[in-house]
Amino acid sequence: MHNLTVTTALGGTEPRIDMHGPITLSEEPGYALASVAARKGGERATILAIRRLIGPAAPKPGHIAGDKVTAFWIGPDQWMLEAPYDSHETLFEQAAAEVKGKASVTEQTGGWCRFDLRGVGLASVLERLCPINMITFQPGGVTRSSIDHLGCFIICRALEHISILGPRSSAASLHHGLLTAMRSAY
Amino acid sequence: MIINHPILGPRDSAEFTYMGDAALLDRPDWQAKDALAQFIDYGYLRDNPAGPHQELWYHEQGDRSFLVVTRDTTTHEISSVKLANDVARSRGRST
Amino acid sequence: MATDQGKTSNMGGLAIMAELTGKTIPEVGTTIFRPPYTPTAIGAFAGRDRGTDFRPTRKTPSHKWAEDQGAVFVEVGMWLRAQWFPQAGETHWRQSVDREVLATRKSVGICDVTTLGKIDVQGADAATFLNKIYCNAFGKLAIGKTRYGLMLREDGIAMDDGTAARLADDHFVVTTTTANAVSVFRHMEFARQCLWPDFDVQLISTTEAWAQYAVAGPNARNLLQKIVDSEFDLSNEAFPFMACANVTVCGGLRARLFRISFSGELAFEIAVPTRYGDAMIRRLMQAGEEFEAVAYGTEALGVMRIEKGHAAGNELNGTTSALNLGMERMVSKKKDSIGSTLSERSGLNTDDALKLIGLRPVDVKNPVPAGSHLITKGDPVDATHDQGYVTSACYSPNLGHSIALAYLKSGDSRKGEILRLVSPLTGFDHEVEVVSAHFIDPEGERLRA
Amino acid sequence: MRYSGLRVIKEALTGHKGWKPAWRDVAPQAQYDYIVIGGGGHGLATAYYLARNHGAKKVAVLEKGWIGGGNVGRNTTIVRSNYLLDGNEPFYEHSLKLWEGLEQDINYNAMISQRGILNLVHSDAQRDAFTRRGNAMILNGADADLLSTETIQKRYPFLNVHNARFPIKGGLAQHRGGTVRHDAVAWGYARAADQLGVDIIQNCEVTGFRIEGGKCLGVETSLGYIGGGKIASCVAGSSGRLMAKANMRLPIESHVLQAFVSEGLKPVLPGVITFGAGHFYCSQSDKGGLVFGGDLDGYNSYAQRGNLPVVEDVCEGAMAIFPMLGRVRLLRMWGGIMDMSMDGSPIIDRTHIKSLYFNGGWCYGGFKATPASGWCYAHLLATDTPHEFAKAYRFDRFEKGQMIDEKGVGNNPQLH
């Protein structure tokens, strides 16, 4: 085994945690990501493969499903899989084995940084960041939008737990934007 | 402006990138006898109507779909939104 | 509307109009309303995006390492890239850059090239699709090989260039320039969804998913052999120029290895998952100690690519064609590709079209600054007699004088001609000689070593 | 009536009873030698130079609305000739020279103020590109000056030079550039043309062309048919709509560009500053308001209003470069319709229909071009040969592949 050290998107060796008011903002490096895009004619097979990977049916647009391995919709016939990094470092290989050539699978773990917001009153933070209707945005909902000029996935895992996936290279800018919005809201 | 995405519902136009007249779907055949003339027309001439206009919007900050949006250029009112992929297929675009 | 932009005077104006026309004020109506309703502070519109937070900053995974090395950074689009790495005793940036260039050409240098755009192209029609996107042919590229590709806009002008590596029959990794990564992806999505909707091809950007480092110089292979796991043969026979492969490094970490060269040296680019980027650059530098490896920045990268005559953003400036770049033979006539038809228009193929050439100063003490214009000796210095302009310039520590890339009318047939290089803006007027753009190793022996 | 200082004093002493309307209100005649469609800056300048330079007698300008009501009254008043390419620079430099002599020529105070224009530089690559541009300007007889960061800081101490997201690393200045009072340009040209016998007919909308045997004979208007020897379209922003009546498709899309003005301030900004990296430019009007703008909204539009994302973008750009502007209040924003051509450069040419001429595609550079556009268009109309400075502005440049693409973005009108 190699012994290369991992750095988080913010450049540290430990994930950063910030608390302000009722909200906790944490850097979450512990997830592997892989994108799955159905090939022509492989749409049905891809949906079935995703079900085998996550348990429940492949999520519809705007949704996330699954437990340990989850999938969320990212575009027509495309999903992103996520799973704990420690147990699923090569999630993309597992997915590729499952889709059996009916879908294109790409490792995306390094492409995204993830920040989780936890606490009561997340709507006040989110409404300062992006044009999401926080009344209809319920657990299991996923949307992609722009936060401070950065294209991000916003995932509602629970009413008091929202994940934001943004481009890894801009992690510091995104983190600053989230923290500023927290301070502005509370 | 709000664009009613056929899959995702109403979305802020700020999430999109405008990509021009939907006539850009009709790329000429390179082997046609008058291919050069057709490509010049395709590349440079536009109807540019004052009224309903079919145009391409790319959901760059969203699901990366290209949409064909019919929008009145005098009022910005949007009357129809379709996936460009479907429109391209229905127009018989293949290879 | 005077100083209040009609906010208060409008009512008075409407009242006068009413009197003149014999109507009441409501009958006259009001003017077209222009927002904001009430004067509003500009800061309220600008919100939080101010100062250095005006736009996001993009940093590569080696950013902190580069900061530790004292790197000077430069803005390239949204990215911050290390421009050069000053060492103790160096007081002028040229000292640092010259040292980085010389050390790389002499032994080995390492450069962070993570910022290059990367697009994963998969599907049964991936090769057919790339044949449409690039003006040169990709259908027959062998698995495990990389090819340089030139992308045209539909109007026949060069859009971007880069490489496409074939990892499997149905899987390519395309690289783009740093500046055009977003627009090229958009362009390819347009082609995929709108022009060829029935192709089986899937695109996804992987720019950020991989940390990528160029390892260049005569000792590049020796260095990498210490990094790449021993079951992978890096010899020239097993892994020749333009080869690519999935490998493992440092005892099992998945990585991608490309034998491509921007510097003109024997060179590789090694990509590892981003979270290992910081560890990788440190490991590379450590492994390079015995070869006196240097880290080099974008400035040295620029010097070496100019010495080698490689076009970059300054040459692909949105108005130049494959012909201007000297790559007209790459535009395949046997297939349809975006831009190929309109590139045939007469105005883009005149006898006196600009051609990319090299320049050297007649008096080697002189610089050859970018942005200068070229005038035939004896001609008046005015726009009518303008023969071209310098796109990229640098001091070449290998040649001991300044060199430049330039566009010159009929440039390819004017080698050896002495021209006036003028920059009235900066008060510069000297003689230069037209030479080949390939200043170093024109036969490409080094990069095939 | 000539305007002069003496005249102002005399009128002041006699109750201002002697002033006459600046131009006549006339009914259209049945037939003209030249019909210029569009009473904006370009149309009025064309009519003026037709009469002044070419001795044309029977000239009419047909204006759908009122003089000064279109783009000539909606722009941000900047004049400059800092272009790069051969097709453009001689034309715009000619225009700047005409601006310099305009007030004497038309006997009208257009408040021409050569306060200078500065394009900020943020990187070495940009400095190289601006060096090439500055040299091209000088080779074409214009003025250009490459400024260091220190000079800029001294001259514009309020700029955010070092602590910005895009620090300022110099700038390309054209000291002869500046601003002109836009409405006065329309009024001044209208008055000058009128004095040379040009009929200016307001509230006269062209509803169609009478074309027989491939030749344009005249125009149908809201005031009835008017015959003309030569018909000249000059309706920037409405070119697509008008030429569609002659069944012509153009290499043009219509887009909306927003502009903004703040409350009046004491003098703070000596000159015009453009901040390309942040899509923002700004000058201060003589009344004290900051006049500024940014990018196109970026989609086809004939509605003279834009959308909020661009407003935010422009205000962000404003504060990025002038942090002090945060508390300055924005009074108004508005949109103008731009004829965005396929290479970002204009067209002054004959059409395939005999006797029908076209001037348009000015993108957002129309105001500064006003005098030269009128000058060159009048030359084309009178002589049927393109003017030397406008010979590149032909329709056929697209089929020949001779685009004049300053920005290098290709056939994407929304990006020019």
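We call the chains A, B, C and D, going by the order they appear; numbering starts again at 1 in every chain.
Operating definition for what follows: contacts are C-beta pairs under 8 Å (C-beta built on N, C-alpha and C of every residue); 3 or more make two chains touch, one makes a residue touch a chain.
Computed from a predicted structure; not experimentally measured.
Note on interfaces B-D and A-B: more C-beta pairs are in contact across B-D.
Computed from the mean C-alpha positions, the centre of chain A lies at a distance of 30 Å from the centre of chain C.
Rounded to a whole number, the gap between the C-alpha centres of chain B and chain C is 29 angstrom. The set of chain D residues touching two or more other chains comprises 399, 411. Among all residues of chain B, those that touch two or more other chains are 12, 14, 17, 40, 43, 60, 64-65, 85. The list of touching chain pairs reads A-B, A-C, B-C, B-D, C-D.
Against chain B, in their complex, chain A makes its touches with residues 61-62, 73-76, 131, 143-146, 151.
Residues of chain D that touch chain B in their complex: 240-241, 244, 249-254, 298-303, 307, 309, 342, 398-399, 411-414.
Chain contact summary for the complex, chain C toward chain B: residues 128, 154-155, 186, 189-190, 193-199, 336, 340-342, 344-345.
Of all residues in chain C, only 1-7, 32, 34-36, 39-43, 45-47, 49-55, 57, 74-76, 153-157, 159, 313-314, 317-319, 342, 345-349, 369-373, 381-383, 386, 389-393, 422-426 touch chain D in the complex they form. Note for the complex: chain A touches chain C at residues 1-8, 11, 29, 35, 37, 39-41, 78, 90, 103-104, 106-112, 148-150, 167-174, 176-177, 180-181, 184.
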